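What follows is a pair of complexes built around chain A, which joins chain B in one and chain C in the other.
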Partner chain A sequence: MNATDGKRTLVLIRHSPYGSSLARASVDVALATAAFEQPVNLLFVGDGVLQLLSGQDCEALGVKNLGRLLSSLPLYDIDHVYVDAEAAARYQLDLDAAPVAALPLDPGAMAELVSTHDHLLGF
Partner chain B sequence: MTLHTLNASPASAAFADCLRLLTAGDALLLMGDGVYAALAGCSHRAELDTSGAMLYVLRDDAAAAGVLDRVDGVTVVDIDGFVTLSEQYARQLAWF
Partner chain C sequence: MIYALLVMSSPASGQCAMTAARFARGVLARGHSIKRVFFLDAGTGAGSATAVYPQDESARLQPWVDLAEQHGVELSLCIASALKYGMLDEAEATRYDRRRGTIHPAFTLAGLGQLVDAAASVDRMVSFGG
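Moving on to the complex of A and B:
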């Protein structure tokens, strides 16, 4: 199956990067979906926007750096990354410095984005 | 349109995030701790009503929580009703 046959999947990421294993799982699902050449897009919502903070350093924590993992998304042909504009503003996120380029959306645009995908995976 | 399922307390981030993505034409099925959001007269319920989404609550969970007779305006469904909803909507999104 090539990419044009695949149903469109949207991965919604709602959890902060190191508070649970959900954040890592959501990125892994996105990468696995892309590896099978299925079209997949990402939407960071609520606390999920915290994954886009620049300067994550988990060396002392001994876990994988999720920010660095996100910066590899374009290599997997995951080109469309969206972010909850309200949550990004609430946390004063500098999107220009984020590990991956993300397009900010207001709630109406996020709802519209959801409605244009065939499969929704929420984490 | 989308069928949303909420299995988290109305005080949770899951509720707040779900609320912002709910639109008229969507459906929301409340289950687990999500059933408390169906309580008539409470502020969380008012927020859900404002979204314009169709509201459903899972009977067994609402009964266990003791809210079954306090969810006026929300449609009570059993598991078969859940299955029917999942057939009616093109996509489903779980909030937890």
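Moving on to the complex of A and C:
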């Protein structure tokens, strides 16, 4: 194995946007992977789907806006963002208004997605 | 097989970080190799040279130092996380006007590129915590 293989990495994100520093760290890992021109996709599951809420206002929290960071994903050539459809429905997310376009997947499709990647980085 | 480890759990909370160190020993004992251990978020606490744990508990730092010194395992602390957790080497301590560094010399501060580089070149990427 060498560094030119272009291993496909799936970043799995479970953390809600402002409850843990890992929420931002996981997005940073995805951005860094893309910046180094390695193939990477994102999958938001469980509470992590809350990162896709539209109109996030975290000014009072004194932290950076994660929604704004997510809206920059297409600039990094991260084309594929996926979201756990059941969790999105549970939180009544309006995916059309999400900071980045995300394709909803049912459990079977999520399992299929995981199997098509070389590395799964779960946060 | 070539492995890389991603450690996100604090050594001060739960067993996950120490499980990672034992897993690393197991990987090497089976004849595999470890490209790098990358510590992210609270996991960066593993590099602390100043943390003090109860004497009747197992050592948190020494297992990692042994991996580095006896097996040449590269231990990289995510610099962005490390700074937030007070994990500084001498250069960062000087840069941010802190009295002295706080990490053990077996560890180095590194950017996320080192995690990406590891993922790109190993057979197995195993994460602990998160």
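Just so it is clear, the second predicted complex is superposed on the first by the 118 of 123 C-alpha atoms of A that agree within 3 Å, B and C clash if a C-alpha of one lies under 4 Å from a C-alpha of the other, contacts with A are read in each partner's own complex, and residues count from 1 in each chain.
One rule holds in what follows: a contact is a pair of C-beta atoms (placed from the backbone, for glycine too) under 8 Å apart; a residue touches a chain by one contact, two chains touch by 3 or more.
Here the structure is a predicted model, which is why all the values come from computation and not from measurement.
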First, second, both or neither for A:41, with chain B first and chain C second: neither
Chain B versus chain C as contact partner of A:9, first or second or both or neither: second
Greater chain A contact set [chain C / chain B]: C
Partner chain in contact with A:86 - chain B first, chain C second, else both or neither: first
Touched partner set for A:110, first chain B, second chain C, both or neither: first
Chain B versus chain C as contact partner of A:21, first or second or both or neither: second
Which of chain B and chain C A:119 touches, first, second, both or neither: both
Touched partner set for A:32, first chain B, second chain C, both or neither: second
Common interface residues of chain A - those touching chain B in one complex and chain C in the other: 14, 119-120, 122
In the complex with chain C, residue positions of chain A that touch it: 1-3, 5-7, 9, 14, 21-22, 25-26, 28-29, 32-33, 35-36, 38, 119-123
Touching residues on chain C, where the partner in the complex is chain A: 2, 6, 8, 40-42, 78, 80-81, 84, 111-113, 115-117, 119-123, 125, 127, 130
List of chain A residues in touch with chain B within their complex: 12, 14, 45-47, 84, 86, 107-108, 110-111, 114-115, 117-120, 122
Chain A contact footprint on chain B (complex, rising order): 1-2, 13-14, 16-17, 20-23, 90-96
